[in-house]
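Each of the next two complexes has chain A plus one more chain, namely chain B in the first and chain C in the second.
What follows is the complex of A and B.
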């Protein structure tokens, strides 16, 4: 494995150089806190951020995205024939993505890239993107990522993992994509492999010590879907929920979307828009019949999807990376860690 | 791989009013690019997204049959934004079709079996597709007895009436047509709800008999006990479900019943499968 040392004095220059071949995305602060956004012109990723309000999923899966377009002008030969919207898939890099967000992208990829169908919008964006991660030296109180198979220095889904060593970054180059990006930045000072790995191990262990909250998911697999679905605790869990959907929008692994058409004069577009299972419209039939009519049913759907359906379907763990955003953002303090514990420890009474 | 969201362009070739209250119309579509018809190779029981640019998409069961060539047919109930728009469209208009989507009735498993088809109201579209498929001279010998119980509120609300009465005359299919009620003194068929007609007329189950049910939830709910009474086991009852859908390819996340997605893992499930999932349909 290749390690590269980057003096922080050279950081800005290197990042600027990469702009010749990459569109850059990274953490920037606005009035809402930190967000992962396009880094226009000379804006640098703010590497001192703690965590971002929203995850990096929007880089591959924008909140609103044009999928198809068509002209409705009947004087045109191709009127009412839909075509794929033009989208720029030139190379892009997300600099400073947190390891749990990179892992989340791997999980979402399971939904969009399947044997039967391949979602071209997600897959093309995914292929175009280089993920340059930033290890978390001091995880916050909401972080439980060590329980979800990632942790503050997790490498899954990343092309490069950076460790912040005060005056410099130590970069672990994990993939060929990562190597190409480092070359574009002209970051070339190689570091000793053994020493560097030892340093990464120390940082990881130190960081992991700071993670105080853990969840146990070991027993979720052995319970049946119906057992958990019919368990008596859902009313209590959902009691305070106001179905605002915040948890689903801030979640790096929530991928549900709506498709809507819009028309401006004679031009129509078909859009993909983030949706939320917390909305009653999400499942309401045209007849008015709604299979998840009540709040309890919708709250149960969210947790069952994340902690049971996904687990059973893919056998790749739960659909949660332990970032803690939903816990932090929930206006009524619903905590997925508690729900997970409740589900994991549930024993059906005969 | 092709973009699964991109519909094939089609032209509306014919529009037929399907029921006396005009709430249902049957649309016949022809593909603008003839090679798209081959790509849209489907089985009876599948559905497709009817796609109107600038308006939206709706998942609808395919009413035409794989043995009918040169066109595809869909019978659509006017109920929401897209269906209302579609009902106002004219022959010659251009729109799109995306599919075929979902699984189909298990035709392999049904070979050399007796098949009982039970439908109610306007949920008879993929069942029509199935009957046409089974009655095709190339296929009829693959199946043993075919029974059909089909009911609607009134004679004028039965879909595909001319075909029903043609089938009624044949000796290779047993038709049990019923209406909830009628004041037509010449009505020659059954009167009564589907579950009752099933109980009185459907064949008793043996190992070689399968039932396919499609209908409104209330009909399905009350038909199940009738079938159980006739000895049908859970794996012999095959159902086609509906749920709100957007993508139709298992990605948008809303049509799930447990971990199964109605659009991709269904819409066809056996009662045995459904009984292992939360009943969120």
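What follows is the complex of A and C.
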């Protein structure tokens, strides 16, 4: 494995150089807090950020994305014929992505890139993107990522993992894509492999020690879907829920979307838009019938999907990376860690 | 605040024990610093989970809409005003309710607290009128008055306007020199500045509808943005659609909004949603002398016609 040392004095220059070949994305602070956005012009990623309300999923899966376009102008030969929207899939890099957000992208891949189906919008964006992660030296109180198969220095889904060492970054180059990005930045000072790995191990252990929040998911698999579905605790869990979409939108692993056609004068577009299972509209049929009419059913759906259906379907753990965003942003503090504990420890009474 | 908690538990447990109500709605301790969660107690034991502190910002009247049971509810000044509005709008009957009123000296603004630090908050505690906040590497003692929520700073009805029991003695009401200074600031802007102000406000809106869903006024069975046959408003991030949602929602709250701040409290993006409703509150006050939710026997200005209306156009 290759390690590279980057003096922080050279950081900005290197990032600027990469712009020749990459569109850059990363954390930026504005009046509403930190957001992961496109880094226009000379804006650098804010590597001191400690949280971001929204995850990095929008880089591959924008909240509103044009899929197809058509003209309704009947004087044109190709009128009313839907064509794939032009989307820029030139190389892009997300700099400073959290390890758990990269892991989340791997989980979403399981849904959008299968043997049967390949979602071209997600897959093309995924292939165009290089993920340059930043290890979390001081995980916050909401972070329970060590319980979900990732952690503050998790490497899954990343092309490069950076460790912040005060005056420099130590970069662990994990893939060929990562190597190409480092070359574009002209970050070339190689570090000793053994020493560097030892340093990463120490940082990881220190950071993991700071994680005070854990969940147990071991028993979810052995329970039947019906057992959990019919469990008596859902009314209590759902009582305070106001059925907003916050938890689903801030979640790095929630992938559901709606498809909408919009027309402006002679231009027609087909959009895909994030949808949320918390909304009754999510399941309302054209007949008016709604299989998930009540709030309790919708709350149950969200947790069953994340903690049971996904687990059973893919056998890749739960559909949660432990970032804690939903815990922090939920207006009424519905805590997935508590729900998980309740589900995991539930024993059906005969 | 511990006294409030004890009294709330005691009154709630008694109501449940004597079967005067089927359930009591209040707050329980949250799982993270500065969080509380709405909680329902159906037994005296469950009432022991109730708490009261400076983080009880969400408006519990939101949980009353169309309920059929006999309900005990813990309600601060603004919640009470929304209960009155609910009664006026036939969303709940007064006879169904046993209101445990909580005289309130304001709730704290989590965003203001967070602005004192450059890392996540790990612990929160209250000592009299100050708040002790810890992060991984820092600790600060902050005066409550410096971190009050903006709507609490201009609140003129801290005491419950309608109640059956009180959790504490009534508190002194505030004297506010200019209740609408924030609105005046926007009124003084040029058209372009106003436009930019509101555009900037909405630029990070993710349309999660937390503001709407936390608002006790927003109980329409189908909100106009959720109409799907035919669809009224686009569902994406198009600026016109985002604006349409916020502007129409605000107008639907005109003469009804109690400025409880639940919309701002709920917004995950920290958007000051009150900037949309405050001007309408000011107009209601200046044109009709109206403040919502003070009297269950008075009809709101926008749903009543009076033969002696001062305006000619309506006669």
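Here, the second predicted complex is superposed on the first by the 350 of 350 C-alpha atoms of A that agree within 3 Å, B and C clash if a C-alpha of one lies under 4 Å from a C-alpha of the other, contacts with A are read in each partner's own complex, and residues count from 1 in each chain.
Note that in this section a contact is a pair of C-beta atoms (placed from the backbone, for glycine too) under 8 Å apart; a residue touches a chain by one contact, two chains touch by 3 or more.
Quick caveat: nothing in here was measured; it's all calculated off a predicted structure.
Participant: Does the chain A-based superposition show chain B and chain C clashing or fitting?
Facilitator: After superposition on chain A, which the two structures share, chain B sits beside chain C with no clash.
Participant: When the two structures are overlaid on chain A, which partner does A:225 contact: first (chain B), second (chain C), both, or neither?
Facilitator: The first partner, chain B, only.
Participant: Going by the contact rule set out at the top, does A:258 touch chain B (first), chain C (second), both, or neither?
Facilitator: both
Participant: Between chain B (first) and chain C (second), which, if any, makes contact with A:63: first, second, both or neither?
Facilitator: A:63 sits against chain C, while chain B stays out of touch.
Participant: Using the superposition on chain A described above, determine whether A:305 touches chain B (first), chain C (second), both, or neither.
Facilitator: In the superposition, A:305 touches chain B alone.
Participant: Given Cα centres, how many degrees, to the nearest 10, is the angle at chain A formed with chain B and chain C?
Facilitator: Once the structures are overlaid on A, chain A sees chain B and chain C at 90 degrees.
Participant: With both complexes overlaid on chain A, does A:138 touch chain B (first), chain C (second), both or neither?
Facilitator: Only chain C; A:138 stays clear of chain B.
Participant: Once the structures are superposed on A, label A:334 by its partner contacts, choosing first (chain B), second (chain C), both or neither.
Facilitator: second
Participant: Go through the superposed model and pick first if A:12 touches only chain B, second if only chain C, both, or neither.
Facilitator: It touches nothing on chain B or chain C.
Participant: Does chain B (first) or chain C (second) touch A:284, or do both, or does neither?
Facilitator: Both partners, chain B and chain C.
Participant: Enter the shortest inter-chain Cα distance between chain B and chain C once the structures share a common frame, rounded to whole Å.
Facilitator: Superposition on chain A places chain B and chain C at a least C-alpha distance of 5 Å.
Participant: Where on chain A do chain B and chain C both make contact?
Facilitator: In chain A, residues 258, 260, 262, 284, 286 are touched by chain B and also by chain C.
Participant: Would you mind writing out the residues of chain A in touch with chain B in their complex?
Facilitator: Residues 67-68, 70, 72, 79-84, 111-112, 114, 116-120, 224-226, 229, 255-263, 268, 270, 275, 277, 282-287, 289, 291-292, 297, 301, 304-305, 308-310, 312-313.
Participant: Show me the residue ranges of chain A that touch chain C in the complex, using the header's touch definition.
Facilitator: Its residues touching chain C are 30-33, 35, 48, 50-51, 53-54, 63-64, 138, 140-142, 210, 239-240, 242-246, 249-250, 258, 260, 262, 271, 273, 276, 279-281, 284, 286, 327-329, 331-335, 337-338.
Participant: Across the complex, what residues on chain C touch chain A?
Facilitator: Interface residues on the chain C side: 30-33, 35-40, 58, 62-63, 118-122, 136-137, 204, 206-210, 212-214, 226, 228-229, 234-238, 265-266, 268-271.
Participant: Would you mind writing out the residues of chain B in touch with chain A in their complex?
Facilitator: Within the complex, chain B touches chain A at residues 1, 3-7, 9, 32, 51-57, 79-80, 83, 93-96, 217, 242-244, 246-247, 249-259, 264, 276-281.
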